[in-house]
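In this document, chain identifiers A, B, C and D correspond to the written order of the chains, with residue numbering beginning at 1 in each.
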């Protein structure tokens, strides 16, 4: 709606509107006075003293469309800079991806990079739908082509800000970089990534750190794992309370995805892209001779 | 140095200085031109084009003294508000704490809440010191007494900001809330925390979500696990490069902790405390009638 | 479009759209390649290397509709808190308002609080329209009912932030508080506002400081004068350059207000209102016992 | 104390301490319970409910030493970039500087660029000291060498942020750019700065706008006038109240400057310098091809 003229950005904020057409208020009448388990109904009521119980509230995943719009622009810029971001579904319940075939990610609706795993996962999800249940899963994300030196040294470490960005996506329950939790079981001699140089390039024999040292990118691949809880909306009977604090049983109606990770994949990529753009803008202000040259040639 | 007068804060920033007396520049001369593996030497050089190789730089854990100073003040306020933060070492390598005895945390230098585990861990660490090696581990942190309604709904979710705060501590490699990565293997019917009410109180049958729903505290205990990599400074020979990109072997001298989690415990508590204070200040501005009352009675 | 449900705000951002219907792109074709004198055409080109020359750009006063929308909400809240903001046109060229009749402000299109001055100003403006010219003027703004204690002590003094807010309105060239520039000619014995108390109230014999001491409100009326330059768009021939840096003559066509201060009146009130709301939200976090009470009763 | 190593900044915050040695607490005992007229004693008490009445509080001009420290570094950078900031005393009471001799500014303690005016002002100040009184004045500040294109288009216009920065200095009562308040009396045909070009350079026939168009620098000289109130501390008897709201008479003891503008000159220059540095850092992120080049060559 604004910010672009003759095919170029003008410096004015770029604004887009996505109208929420797939939204029927009366579908939500039955949850008006009741708190769905593991949903944000209760906490929103506590925070604001008032809740918009209809489907367009900010606790809905519909909120993430704005993240993906911004991410699409950020990714265009990053690609032009030689930086690529790739995410995929790495597990469905306890079915984990083994043999990675990146070309398969966009060939299946679950965004799994492996045909066999996709088939197993599909069978599992078919059963879950039949039993009105849902399942958790994990996603993997990698950043390639990012130069060394990106990230701030103290509170705004690259892994800290990526954690904030990704953990702000609904249903996330954990995040790790490089070896992650497995690093906690390693000895220094096993874990440390030894440097070596070849043809004037700085390389590492391993990448257990996942591409970040001291909160700053080291030029190697940045690797991230993210845990997602199961979809909270299930059609099995559950115990809960209503807004008068009476104990109730609830059965959530309507069609709900039994597995949300595939929908989170573009959101993860978008949040990473937005975060990296911010870092790059900050980073070019870090060396005074770089600033001087940029100012004089602006 | 400022901000306190007659035993009360004045509104002026509270400033303290901790002089870095335990610091001998020449100890660092041997690492002046060489990049220690899994240290930030290389990335700082790439970021700033210049590195203060002496022991007082910001990639040193000495930086965290400021966090603990601020955290001490934040914790005093939170305690007065009925909010408590407790962290401890929950594993050393693959030795995990089993039987929790909170009273034992401050009885041992490893901050482990279990005498047996402490003994096993001590034996492991004694061996590691002998072999000039180090080990990773995990910490656990819980917040009790926090009212429901704290946290922001979109980008600044409570788990997002706690992730940023904690992942900004050096050597962290992962963080999870509630069941965390285990949640990714659960069905909705297993994972969902069912509400019930008793004597006018809102309670949950389980706390798999770790006290946060939709990025906002739900009034139950907030539970966090954090992974730490092994201390990168080990005295075994390692491969690396120098600033001229020549391949070198390095043996890091001096006394280094083989295990850093105990030192991170007060830092975790401090970062959580600082984050919660910020949220509380923001939160009291969220209901207009609360703002009006506060303004008129200020 | 969002943020309000059942007549109440929900905590979600309140969004409105004002479509720019009164906008004909081809009217602007003649200024596509030329820099209008005292307009932002040249500086925008220098800043962004690219300019949207059509009438909807951000250098247009159309931008201020967003400020007035936000200000309308802010003023509703402030009125409920007992705080009132009033602005009017205080001079047109060198015709200055003498006898103030506040009830007349909304009775005339120039927002002048004086019938005689309005008549004189109208005669002046009629002549200016005939000669295709324009004129500058001043506005006055006062805040009544604001409690003492609002404002921050160092960089974000109340007068500093009000200056920023008001000087961000296009065409402003100066701002002053209380006696303003006249204060520079006074002796301390003439200028100082002496305190006295009556019936338990703190009062001042004069209000030369305009209600702000040390950057913080003192409970008396806050008084502000603002200078506006003449409308830059005039239909007289002017010298200028085009984007190829060739010297050119320009005659700006179309209907343009010869005097912009009346249109700035609601914008000034809005910017003041937005600024005060921010201060009040910040201020209720300044005393720890006030924070504690607000948190516990939230 | 930090941030500099081997004569270069390291990226770590540069910290300095200026110990407040010229400070005798008991000198302030007599104002412990009384509010000095036109001082911030009363408003601080209202804001914080508590006041550090000794001479080191933040309402003291001692606070500005930090601004001058930061400004000294900012000015070094700006000078290297070809940008110069110059401020001087332009009036003492109603004695205004006429014939400007910039070389004289640092030859006299009043920072006046005119020997005659300095003599007249000195005579005036000598009399004021005898009568225990003080006087207001104005300062002028100009920025030369700043490229066109610096400043943000909406809320953070260059004049808006400079206003905030300068109006945050204690004792300021007004600020204006270019013709300032005089612009309010001008016709468009008199005020508008006509562009012309010569030898490929963009020039203006006049500079009534003071170098800023639409909130963005136009490459010509930026000119600012600032009004200061008289020193509030005078030794004449004044009416005031004490903290128990009793009416009292006060005579402020001790040596106080009868005229504060000369002390404000380096503070003005510093605040302008700090503000410009921020703008330049922001500005180099405004064109994507400039960002790309800076990132790739970082």
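As a working rule, contacts are C-beta pairs under 8 Å (C-beta built on N, C-alpha and C of every residue); 3 or more make two chains touch, one makes a residue touch a chain.
Computed from a prediction, not measured in an experiment: that's the story for all the values here.
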| message | From the C-alpha centres, identify the chain that is farthest from chain B. | response | C
| note | Chain centres from averaged Cα atoms put chain A and chain D apart, in whole Å, by 46
| query | CA centre of chain A versus CA centre of chain B: separation in Å? | reply | 22
| Centre-of-Cα separation between chain D and chain B, whole angstrom | 42
| What are the residues of chain C that contact at least two other chains? | 11-12, 44, 47-48, 58, 147, 149, 153, 283, 286-287
| request: Assign the assembly's chain-to-chain touch graph to one of these shapes: line, ring, star, complete, other. | output: complete
| Can you list the residues on chain B that touch chain C in the complex? | 9, 11-12, 77, 80-81, 147, 149, 153, 280-281, 283-288, 290-298
| query | In their shared complex, at which residues does chain B touch chain D? | reply | 2, 5, 8, 10-12, 17, 44, 47-48, 50-52, 54, 56-58
| said: Under the definition above, what is the set of chain C residues touching chain D in their complex? | reply: 35, 37-40, 42-44, 46-49, 58-59, 63, 91, 93-94, 128, 133-138, 147-151, 153-157, 159-161, 163-165, 167-168, 170, 172-181, 183-197, 200, 202, 205, 208-210, 213-219, 225, 227-234, 236, 238-241, 245-247, 258, 283, 286-287
